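I've put the structures underneath this note.
Each of the next two complexes has chain A plus one more chain, namely chain B in the first and chain C in the second.
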Partner chain A sequence: MADYRELWESLDMDLEKHDELCQVLPEFYGDIYMTQEKRPEGMNYFNFVISEIHGLRIKELNEHRKNGKKVFGSFCVFVPDEVILAADGIGVGLCGGSEFWVPDGEKVLPRNMCPLIKASVGAKISGTCPYFQSADMLVGETTCDGKKKAWEILEDYIPMHVMDLPQMKREKDKENFKDEIKIFKEKVEEVTGNKVSAESLKETIKLVNNKRKTLQRLYNTRKAENLPISGKDALLITQVAFYDDTNRFIDKVNELCDELENRIEEKVSVFKEGTPRILLTGTPMAIPNWKMHHLIETSGGAVVCEEACTGTKYFERLVDEDNEDLDSQLRALSERYMGINCACFSPNDGRIDDIIRLYKEYNADGVIYNSLPFCHTYAIEYKKVKDALEKEGIPVIMIETDYSLQDAGQINTRLEAFFEMINMNKELAI
Partner chain B sequence: MADYRELWESLDMDLEKHDELCQVLPEFYGDIYMTQEKRPEGMNYFNFVISEIHGLRIKELNEHRKNGKKVFGSFCVFVPDEVILAADGIGVGLCGGSEFWVPDGEKVLPRNMCPLIKASVGAKISGTCPYFQSADMLVGETTCDGKKKAWEILEDYIPMHVMDLPQMKREKDKENFKDEIKIFKEKVEEVTGNKVSAESLKETIKLVNNKRKTLQRLYNTRKAENLPISGKDALLITQVAFYDDTNRFIDKVNELCDELENRIEEKVSVFKEGTPRILLTGTPMAIPNWKMHHLIETSGGAVVCEEACTGTKYFERLVDEDNEDLDSQLRALSERYMGINCACFSPNDGRIDDIIRLYKEYNADGVIYNSLPFCHTYAIEYKKVKDALEKEGIPVIMIETDYSLQDAGQINTRLEAFFEMINMNKELAI
Partner chain C sequence: MYSIGIDAGSVATKGVLFNGNIVDSIIIPTGWSPKGASLKILDKLIERNKISRDDIKHIIGTGYGRISMGFVDKTITEISCHAKGAYHLNSNIRTILDIGGQDSKVISLDDKGNVINFVMNDKCAAGTGKFLEVTLNNLGIDVRDIDNYAKGSKPADISSMCTVFAESEIVSLLAVGKKKEEIASGVLYSIANKSYSLLNRINIKDNIAFTGGVASSKELKNILETKLKKKIYTSSNTQIVGALGAAVIGFNLK
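And now, the complex of A and B:
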């Protein structure tokens, strides 16, 4: 990695503490990712992205900022990137996925909270995440109590804008969210100094749709009987989608997809035949949280799809591209984003439909319901999901776990038992 | 207590399990309440209310229902009783305050949740609370993730209506909540078969304001140097306010206030001179949760005010009575309810102002920030409150505790140390 110390220093980072983080990540990544066999060539780009995670992209952001562009950090799939891009801004996803940041988060937040929020806040207040340091403004939302109240604390450190997401999906809620997007647009215009025009928004709606289509293409390859890519590689790609340059990302993923589609024709699989195919559903997995995927794929399973923010929630459903005026475009954005079946909505039966549909589309053998601790919305929703899946005869278990590796052995044991049960069911079915 | 078994049976209750509950409550109440010295005579009514807690009022509700009236159960100070009463319905607050119901709640909810929600759901699904059994409809709201998602589970047991409370307090949010009240009014009209007219709503707005004024009168007596009533007695009265007949309640509390105001003139106090005066702030204390008050008042302190849903949030701020048409009345209701400074709002700086104002009004010596476990909104908000109080030189501690008595000794120790510190400060100030 090139020497970025000067750059980091200019971002007012805690260099000493940041060094500690930089020391652990390469080995952590190496153990989880580089040990995989038959990885697609196209993953080299993502190895590079990770090796440069606090370097090259930060340098790019820095250069953009020198040219007067603004960077908006966000934490949620409900923040419309289209609007940021249309004002010539740059959006980067900032959710904290590392245990490293949790203790700093706990300095200002209760311990009884999900590690994602603690890590996100800890990353900012410790000054050890260059993405936070590169943001001109953070964009929060009211998707859960923890985040909603954490923004009030983050606000002491950096300018914040919070979007109020409705809690239901009635017609009036969609109108309300359209209004929130409008308010957000005005804020983005104020910060960037650039107007969002119907023309520019039309273009960025297309661009972000293309990113979604590219990810859909990637995920489609995981529906094949022979899996051309591991679940953890696919997860990594989705995680990178949140902060990489959009056009480059689309190109690189499409290149990879060419390779994967070839693999499907040639019946190349990264898993041995009969490996239980798992649909993972639940809370987001922010980079570098690869824990569940790694545990599943080293316990005899393969993740074929993520019904999660770092998964289908991020790219399914496109924004209608056929609108010529801002008002209709904002409404179309609201329609698309309010189509996401997040557990923050009540009721949220659409998520159950999604899970069953994805289970079938991806030929899954079982569902793992993964939840970060203290995530009330996803934890409570488990009951309804479980009841519905059991009615369909779909095997499901819930695993609640944070970022630490203390419970890895215990989760392994549970996973092995789950996969054994799935394999027995399969044998009985033959 | 009269024999209500036939009545309970008609409400489809689990009589055997309910007997267990009935066996513990009188002794529990006796230990906490009847051991107090110099209690006001006027508390006899409330002793009676508790002795008949699952009897007389249930019988009344039952008779109302026989006459075609409908009963609406609610869980939050944001549900406008005025609307229910205006359609000749009856509103009863239903939050569960007993450990007894927690295990049943945990059958359908995660354990990592606040005991209030677990007890509320457990009370319904166990069939051991005659108030739940007397309700024709439950009214939920989206004040926290836990409740919002718990309604989806309760809905399998009883008809539910959920009001979407905005998460912010902008002008458009007040309009939105007005709209929610309108939707609620229509639902109430549908369930009761009665129209809400501007005339009937004008009357019930006055009636509920009178209840608020009566509670304000009661609380005003606690501002006196000589405390004429204990904190736990005042808490009990507020808890009873949620389900007693409104007119009777107003009469009985006014009678009590006559006595308390006499006591103030005669300098009668239920606490010895110099007892540290505590403002309690935080999560609601649903009946029969008297834990914190009992611990404080047996550890050498006196609670002089509750900045809580079971406290000032319930009765401060009146609804404007001078509106003649429904639309203006609904707006006035929204204004009043949206004036409540609940931690569910972001930002919620108004609560900090309230706490400092109440601290001064009630001549408090310290603030105890009380939170049920896993209540993210109140737990996170502690930091801002603490920072603000420390700036004002106001002593504050946070105590997070559930309904069980296992931590009573530990809390006692912390309280004694807190009161000692307060007393030392007072001596230094002289």
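And now, the complex of A and C:
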């Protein structure tokens, strides 16, 4: 990586502490990613993005800022990027996937809460995440009690805007969220000094839809019998989608998809025949949280799809593009976003339908339900999901784990046993 | 022709020599080296039964130490092995409760002895052999003598599932003058409660087998039977069920 110390210093970062982070990340990434065999050529771009994750992209963001653009940091798939882009702003997903930030988070938050929130808050207050440092405003939402209350603490460190996400899906809730998007639009206009017009919003709705279509194309390649890409690599791409320049990301993923579609034609697989195909469902996996994918794919399984915020929730379903006035566009945005089946909604039967549908579409052999500790909504929802899957005869296992690797051995045993069970049942079926 | 199953657990390493029936079995402490303990078992089984390595078709490793056994033909998790072992001993078994040194698990079987579902305790030692060992250590009672103390005593109430908290809870109980016997009985009730909730996370079907080192306690078995209102089966040597399952799998392996 080039020398970015001056840039980091200008962002008021804790350089010494940040050095510690920079020292561990390349080895961590190398152990998990570079040890994979037969990786697609197109992954080189993503290797590069990760190697420059606190460098080149930060430089880009700060050049934009010098030219008067504003950066909005967000934590959730409910924040409409279309609105930010339409006001010529830039949206970035924020850090929160490493144990490194947890102790700093615990300085201001209770210990008994989700590691994603602790790490996000820790990343900000320790001044070691250049994305937080490059943001002009953070955009929160009310998807869980932990985040809701954490915003009140983060507000002391950086300007915050919080979107009130309804927790039910009645007609009035969709109207309410449309209203929330309108309030958000006005906030973005105020911060950027740019008006959002029907024309600019129409354009960015198309752009973000294109990004979704590109990810859909990528995920479609994972439905093939011969898997042209590992689950780990696909997860990385989805994670990078939250950070990268939208147009460049679309181009690079499409290039990769050309290669992957060729691989499918040529029956190239990155896994050996008969590897159990796993649908992973549950809580989001922020960079650099690759733990479950790594454990699954080193204990004899392959992840074929993620029913998660870092997965299908991010890109399934498009926003209707055929609206000419702001009011109908905002309504169309609300329709699309309120269609996400997050565990914060009650009831949330749509998620069960999604899991069963994806299980079939991706020809999965089993479902792994993954939850971060203290995520009540996802942990409680397991009961309903499990009952529904058992009725369908779909094998499912629940694994609750945080970012640390202390329980890796125990999880490996559970996963191996789960795969042994799946393989045994497959043999019997033949 | 023979097969050997070796189960390297956190406390003990177990080995079974098998030829369709159990020919011989050995249990030794795992100590600090699961690999060393496994090799020792292999050598002993061969030596004391006067057979040669060539007589052994397959050696299967299981238990948490399986990853250190470079010399085996295959490693298989203790979940699949316990299922096979218990089913070999009694083909009517459909549910297994296994409590080992560092984990406890419940396994559900179909009528051919295949695993159809399983649940394990979380990463802490609550309700495992380690819990028993640590808490009894406080009372100066050897794990093997637990039944002598607990039998017929009124159980003291131990509400902590966590091993560390239970330890301090016992110190408090001793301080208020509770008898050793009452506390020992309380410890067993605590494990039974934890096992009961684990069992209820899957469909409990008859017959139920109780395996693993902790299943040596007849008193715990009685408490569980009362709670479940069902009969539970144990084998005379509950500790070798995993190793036996590994040997059975090895024997049937092509």
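By definition in this document, the second predicted complex is superposed on the first by the 429 of 430 C-alpha atoms of A that agree within 3 Å, B and C clash if a C-alpha of one lies under 4 Å from a C-alpha of the other, contacts with A are read in each partner's own complex, and residues count from 1 in each chain.
We take it that a residue touches a chain if its C-beta (ideal position, glycine included) is under 8 Å from a C-beta of that chain, and two chains touch if they have at least 3 such contacts.
Predicted model, so just to flag it, every value in this text is computed and none were measured.
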Clash or fit (per the criteria above) of chain B with chain C on chain A: fit
Which superposed partner A:Gly409 touches (first chain B, second chain C, both, neither): second
First, second, both or neither for A:Cys144, with chain B first and chain C second: first
Comparison of chain B and chain C by chain A residues contacted: B
Which of chain B and chain C A:Phe374 touches, first, second, both or neither: first
First, second, both or neither for A:Met424, with chain B first and chain C second: second
Three-chain overlay, vertex chain A: chain B-chain C angle, C-alpha, nearest 10 degrees: 70
Chain B versus chain C as contact partner of A:Pro166, first or second or both or neither: first
Which of chain B and chain C A:Glu175 touches, first, second, both or neither: neither
Partner chain in contact with A:Glu106 - chain B first, chain C second, else both or neither: neither
Which superposed partner A:Ile153 touches (first chain B, second chain C, both, neither): first
After fitting on chain A: smallest Cα gap, chain B-chain C, Å: 7
Common interface residues of chain A - those touching chain B in one complex and chain C in the other: none
Chain C residues touching chain A - in the complex, by the definition given at the top: 64, 76-80, 103, 112, 114-118, 120, 122-123
List of chain B residues in touch with chain A within their complex: 108-110, 112-113, 142, 144-146, 148-153, 162, 164, 166-168, 172-173, 176, 179, 343-344, 346-348, 373-374, 376-377, 379-384
Footprint of chain C on chain A - complex, ascending: 395, 400, 406-407, 409-410, 413-414, 416-417, 420-421, 424-425, 428
